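I have placed the structure first, in the form of structure tokens, so that the comments after it can refer back to it.
So that you can tell them apart, the chains are marked A, B, C, D, E and F in the order they are listed, and the count of residues begins at 1 in each.
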Amino acid sequence: MLRIVLPKGSLERQTLDLFEAADLAVTRSSDVDYRGAINDPRVDEVRILRPQEIPVYVAEGMFDLGVTGRDWIEETGAEVVSLGELQYSKVSAQPVRIVVAINRESSVERVEDLPQGVRVSTEYVALTRRFFEKKGIDADIRLSYGATEAKVPEIADCIVELTETGRALRAAGLKIIDSILTSHTELIANPIAYDDAAKRHAMAQLHTLLAGVLEARGRVLLKLNVSDEAFERVIALVPSMKSPTISKLFGSDGGYAVETVVPKETINVLIPMLKDAGATDLIELPIAKIVH
Amino acid sequence: MLRIVLPKGSLERQTLDLFEAADLAVTRSSDVDYRGAINDPRVDEVRILRPQEIPVYVAEGMFDLGVTGRDWIEETGAEVVSLGELQYSKVSAQPVRIVVAINRESSVERVEDLPQGVRVSTEYVALTRRFFEKKGIDADIRLSYGATEAKVPEIADCIVELTETGRALRAAGLKIIDSILTSHTELIANPIAYDDAAKRHAMAQLHTLLAGVLEARGRVLLKLNVSDEAFERVIALVPSMKSPTISKLFGSDGGYAVETVVPKETINVLIPMLKDAGATDLIELPIAKIVH
Amino acid sequence: MLRIVLPKGSLERQTLDLFEAADLAVTRSSDVDYRGAINDPRVDEVRILRPQEIPVYVAEGMFDLGVTGRDWIEETGAEVVSLGELQYSKVSAQPVRIVVAINRESSVERVEDLPQGVRVSTEYVALTRRFFEKKGIDADIRLSYGATEAKVPEIADCIVELTETGRALRAAGLKIIDSILTSHTELIANPIAYDDAAKRHAMAQLHTLLAGVLEARGRVLLKLNVSDEAFERVIALVPSMKSPTISKLFGSDGGYAVETVVPKETINVLIPMLKDAGATDLIELPIAKIVH
Amino acid sequence: MLRIVLPKGSLERQTLDLFEAADLAVTRSSDVDYRGAINDPRVDEVRILRPQEIPVYVAEGMFDLGVTGRDWIEETGAEVVSLGELQYSKVSAQPVRIVVAINRESSVERVEDLPQGVRVSTEYVALTRRFFEKKGIDADIRLSYGATEAKVPEIADCIVELTETGRALRAAGLKIIDSILTSHTELIANPIAYDDAAKRHAMAQLHTLLAGVLEARGRVLLKLNVSDEAFERVIALVPSMKSPTISKLFGSDGGYAVETVVPKETINVLIPMLKDAGATDLIELPIAKIVH
Amino acid sequence: MLRIVLPKGSLERQTLDLFEAADLAVTRSSDVDYRGAINDPRVDEVRILRPQEIPVYVAEGMFDLGVTGRDWIEETGAEVVSLGELQYSKVSAQPVRIVVAINRESSVERVEDLPQGVRVSTEYVALTRRFFEKKGIDADIRLSYGATEAKVPEIADCIVELTETGRALRAAGLKIIDSILTSHTELIANPIAYDDAAKRHAMAQLHTLLAGVLEARGRVLLKLNVSDEAFERVIALVPSMKSPTISKLFGSDGGYAVETVVPKETINVLIPMLKDAGATDLIELPIAKIVH
Amino acid sequence: MLRIVLPKGSLERQTLDLFEAADLAVTRSSDVDYRGAINDPRVDEVRILRPQEIPVYVAEGMFDLGVTGRDWIEETGAEVVSLGELQYSKVSAQPVRIVVAINRESSVERVEDLPQGVRVSTEYVALTRRFFEKKGIDADIRLSYGATEAKVPEIADCIVELTETGRALRAAGLKIIDSILTSHTELIANPIAYDDAAKRHAMAQLHTLLAGVLEARGRVLLKLNVSDEAFERVIALVPSMKSPTISKLFGSDGGYAVETVVPKETINVLIPMLKDAGATDLIELPIAKIVH
């Protein structure tokens, strides 16, 4: 029913891993094939194409659903519906930003102080043009095919470039003077397809599966035993999505078995606290998917 | 008690991974060692040898239990007991077939139309001889040491070869005109050992562990909460090996905790249905082994 | 609060993997960085340095807590508190030993029979000196920078060297005639920091998390169903950390759901026994952490 | 004196190898650095940038001399002087062509038969526009960011794409219906710099060194001895750049030593002919550079 | 004119390298293609097939010329003409032998002492049969598909196997008790084709080119200057294929320039001797091909 | 006759390559073997050991000849004879230095300004002690097992460390304030062996071969033709080790063939000059060895 387009290149591996973990594995005849398939009644067709082109293809209706970066949605100005971010990794995920950078030695500290006619090199020509127009600066903007940071100062005075940690920019002797956009990977839909109730329902179900995997990556299932005596102390420490599952332990010793979902990032603190409060036999299990 | 022989070569990695996952890890002094050991009271000795030779060694009683392909069981005509298939992967597993292939440009479409004296190249000389005899064709059959598909049409008119997807055959300009055998990896036993009650019991236990891992690869454990009100609707959707495990949730909100084993291939459809029916806090856990 | 030092080199990968699995991931700007950080309120600073130097740094109070080998604790004679061993792997873990080895062809079979003035090459000069003094042998001990086993017989008569399987020694034509020390990776603390109640509590909590991961590596969670009739037989076979978690199965068939933690190494025997005793629907789940 | 720009990406390795072989090695602080240097009095500065941008930078005078492909010279329409082709490899070098390709199943066989409004995907927007205008076809031309061949037929009806062997196009189910341009790597100069006599002399000298290496790759130095009697027969077979170097052999046997440069591709035929004609002691030496 | 067959597998890389060095480069559409071409008027067709099958194909006239090992020529008993050995490497080349090996612990030291009915595992069934018949031993010979050395003593009593250094046999606990054949790579021809004068001439020319490369691998061109005074002493030390090339040095100092081809393996001794004898300005040049 | 010791580790690859190029190839049973052999009448035995230990072994007479770094000769204070430097690479070879480095932020700029009791970490304990004693500073010097640069400022105030480009030091936030030693790879001899005339002659011959390869790496053989008319102009530009080899060209055109050895680093300037002066048919040949 749905035609889906996924991004080729730097996002490809993570996107395909996510779909597989969501039991929506994309099969291809080879790793470099641009056509794929998902064995799912809601999916008709899968294509893997450049993220730069995906917003336009989704907006024009060639595909119903796509995955791409916010940077290219803004650059193309394509009219699409965003179903939400796909935050592939809670741990390493720094926000990716499109920034304005110039020579570290320059005395300029703000975009507003750049001269008229400033030479700007960028892969985001439209975004950059709108940004400089709003600032009232008449910039000489040129499409960069890559190696953008290497062009300052001889070939360009200033660049507009994607950066995660800023390390490549610093290594090239540049400093960031402004930030145009923070970009995430997003799940986007064609507006007309989105208005179709059946398609929207299918999209929401796929989104649920994908989001379920992403949420599970940050959580574990914690199981523990606790005596009658320590029960209240321990239960007060237990977080849960809704409420913990509790059952009486078998045998004459009494006590309870408690089970709950816990964010990974708090577990290094929580487990010692639970143990201090009287919990025993704590075990932690990996989770594949969580759906609320 | 049991002497076991496992296949060297293309099946080696998967077979050893399966035994390890079944808590029957084969230890060797190095990756190229032909002798191994399993730390298990039921296993005396492990050898890793060519799959072509395994059926004969098991039939002759050099080993009690072996893993090899159906193709070589048929080719050798060895008298062994098959305990069942070991389907290493539910996802990618296309049946492997032994097929008859000829030049794509040939006008022949059926084996019956091949000429007397047809030159056939194959690694399966005995199987091929029986096949052509049954068809009434007097073929000039030659043992191939590899690269079989490259011999048509100059060196052979026709080949009998193993294929999974048929891609290598197509790439060599061939077309498939008949299929002789569908082959799986199998667990085989020596008939005399199999008649020994103690050995047969040990074999069945090992088979249970191996099959338990293979089944678990295709399933997950699904846990969910459900309110009293939605209970019947949700429970009607829940599949289970036997019946779901259900317990009352602790606390004043009421509701139930439900736990059940679900095939992975249905989960992309099932989870959205359960959620639509009122299930909450669904979590999916990976399973290492399932034994009925 | 705690300053931690971890070992660079052969123990590095496993140590960092253990800390990550314990939800104490060490982040570094690159894989070769000597400075790291753990996002945890109990940890102020992390450094990755040579295991040889770690005992002294911990003893002198540059760090509160460290991971290193028993060999270097003994060699340096550093005064540190050992919080316990970190046995990274139950499966492959042979004890690592510091041994005395000589030419295989030599007629000497005991250290006591080595001649006065024997030339000894070793990375463990202090350990070796103490050992030979105790044996009453006046040895000519020299610091080896590596390739120690290659020096016998031309450059040294005897070596004192670390070995796991003895394979490298055998390959060099040597035989082991004595063993000086069995070495494990240990978690060590500065004595003054250890006397500080708050720091000691923090150390114990970190130790709990690390040990919880190590224990989980050798165990699985086993879940099974059992009928009323078979209940006693099955439950008698079930091991548990404390006691199994048991609940009544929903529905008219009756029976129980049983859940228990089991050592991996016994499961190849236990599962068939449980099944023979009447257990059904056995499933085995991987565990990420166990805390008693 | 000269500022030089070299291509980053697929041509980078071969270009840098050529410069090194020409004793004009480009040194960089790392393999991903965009700035380099050549230790040569004629070269002031070296930059490594995208080949797409090089023609414009050379035309605008940011650099005096550059290496890039004819395809991007044409696409950008930049006004540069071409000093000649740099044919990196005589052996494998098929001409690289920019072609028009469509679905193999289409009945269209000529560009002229494509419909008005045909959707064209390409990295060469300007070249493609000029080509279709000349053909009188009003095409809907879109910039492709890659994977161009995967867009037919759903996303584009036709593509304009670089190809060497046509294999990728065939694998994507396309057929070539026209060829727009044959492209080679070229050495290009800024017109104003080229008009400066000193700079033009320096450019010619560098060109001489580069061309000398390229020519040497296809040739060897052949040395042979020949008796007085066979001299005329052999010498008639000897090709040479100018004339062979000949000297009398020392000693009473008489005869001559002959030395000449020979194209590699003819040597498999020439050596047996020379030997048949009476040449002896033939030896073949590799050549690093040839300058006429 | 000639149809050529080259060996796939362990000899493939070296054989193709040799043909390329001989200016007879084999071009293929990919590295795994079984069809190739040589751009040479004497060569019609090139196929790359298993060395085991090559002798029969050449004997039956499917190919005129082939490269394979002496072992398979003997095993198949194919009637072919051998044009000579191709000794790929003078340095590392130990003779490859087909040997008889048994358990190191066995008391048997000669083939003659093996018992009747001895179980023999081998890839060379025919060779082995002839060998044991000649020895008067009635052996139970079985085709081995590989891992032959791992079969002693449980599955076979004795093996007949190819070995270069004997290391794999020793590592498997075996000892060599006899040698059946010493095997080299050979250039072989079909007898009928070889009787055709034109084809035989073409074969000889190809053989000349191949042998020229092999010989050059072991030699260098040595050039030196020598004064009139030292001339006789130096020239007496100079080896040559025929006679050294000598010319008078230009200028008033007098002296001679001497040039000669020298085996690499003697040069470490020769150069110091020449220098001691008065030679100066010695330079050594690599040679690509030598034809006598 | 000579026992030779070569360095294991970072110098190993280059040292073995040099010996092979000098026709003194070291053969070993495997790449990690510490024993080797050279097929040369002057060499009895070859060992590959740590460079740190080599000076002492050579001084004590365990070996006659060794290759190691000047740094370890100085650190050990071993009494050896240096036969000369082995400059493995003319191109990249920056001198390797042992330097004193401190925190970049420190106000100290000279060693003399370091405080008494300064904590110094180094692999060169003896060298460092002598250096600081001479400066009159009472330093607390500790043996570093590696990662020395990571110890400033917490664990050490100052380090003494080997550096080539200084990049690792800068990256660790350090600055160099003094240089203790410039180190090269050297060929060293035992003094007693060196006093033996036969051994000294053998050492000199090996040295000649090794130096001959190193010199050849920086030179090429240049051959050119020149007319009678241009002869004087061209010959005036020609450099040579001794004098160029010149011979009359055969045929009626007259002219000369000139041959000479030229440093690689000047050839980019020389060839264009020669061509401008009238030289034609210039060819450049690689040289394997040069001996004066």
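Here is the rule we go by: a residue touches a chain if its C-beta (ideal position, glycine included) is under 8 Å from a C-beta of that chain, and two chains touch if they have at least 3 such contacts.
Quick caveat: nothing in here was measured; it's all calculated off a predicted structure.
Remark: among chain pairs C-F and E-F, E-F carries the greater number of C-beta contacts.
Computed from the mean C-alpha positions, the centre of subunit C lies at a distance of 59 Å from the centre of subunit D. Measuring from the averaged C-alpha position of subunit B to that of subunit E gives a distance of 43 Å. The mean-CA centres of subunit B and subunit D are about 52 angstrom from one another, to the nearest whole unit. Residue numbers of subunit F whose C-beta contacts span two or more other chains: 247, 285-286.
The touch graph of the protein chains shown belongs to none of the named shapes.
Remark: the chains found to touch one another pair up as A-B, A-C, A-D, B-C, B-E, C-F, D-E, D-F, E-F.
Put simply, subunit C touches subunit B in their complex at residues 91, 220, 223, 225, 247, 249-251, 253, 257, 264-265, 267-269, 271-272, 275, 280-286.
Put simply, subunit A touches subunit D in their complex at residues 8-9, 34-35, 47-50, 52-53, 57, 62, 144-147, 150-151, 154-155, 172.
On the side of subunit E, the complex with subunit D involves touching residues 22-25, 29, 39-41, 204-205, 208-209, 212, 216, 221, 241-247, 259, 261, 285-292.
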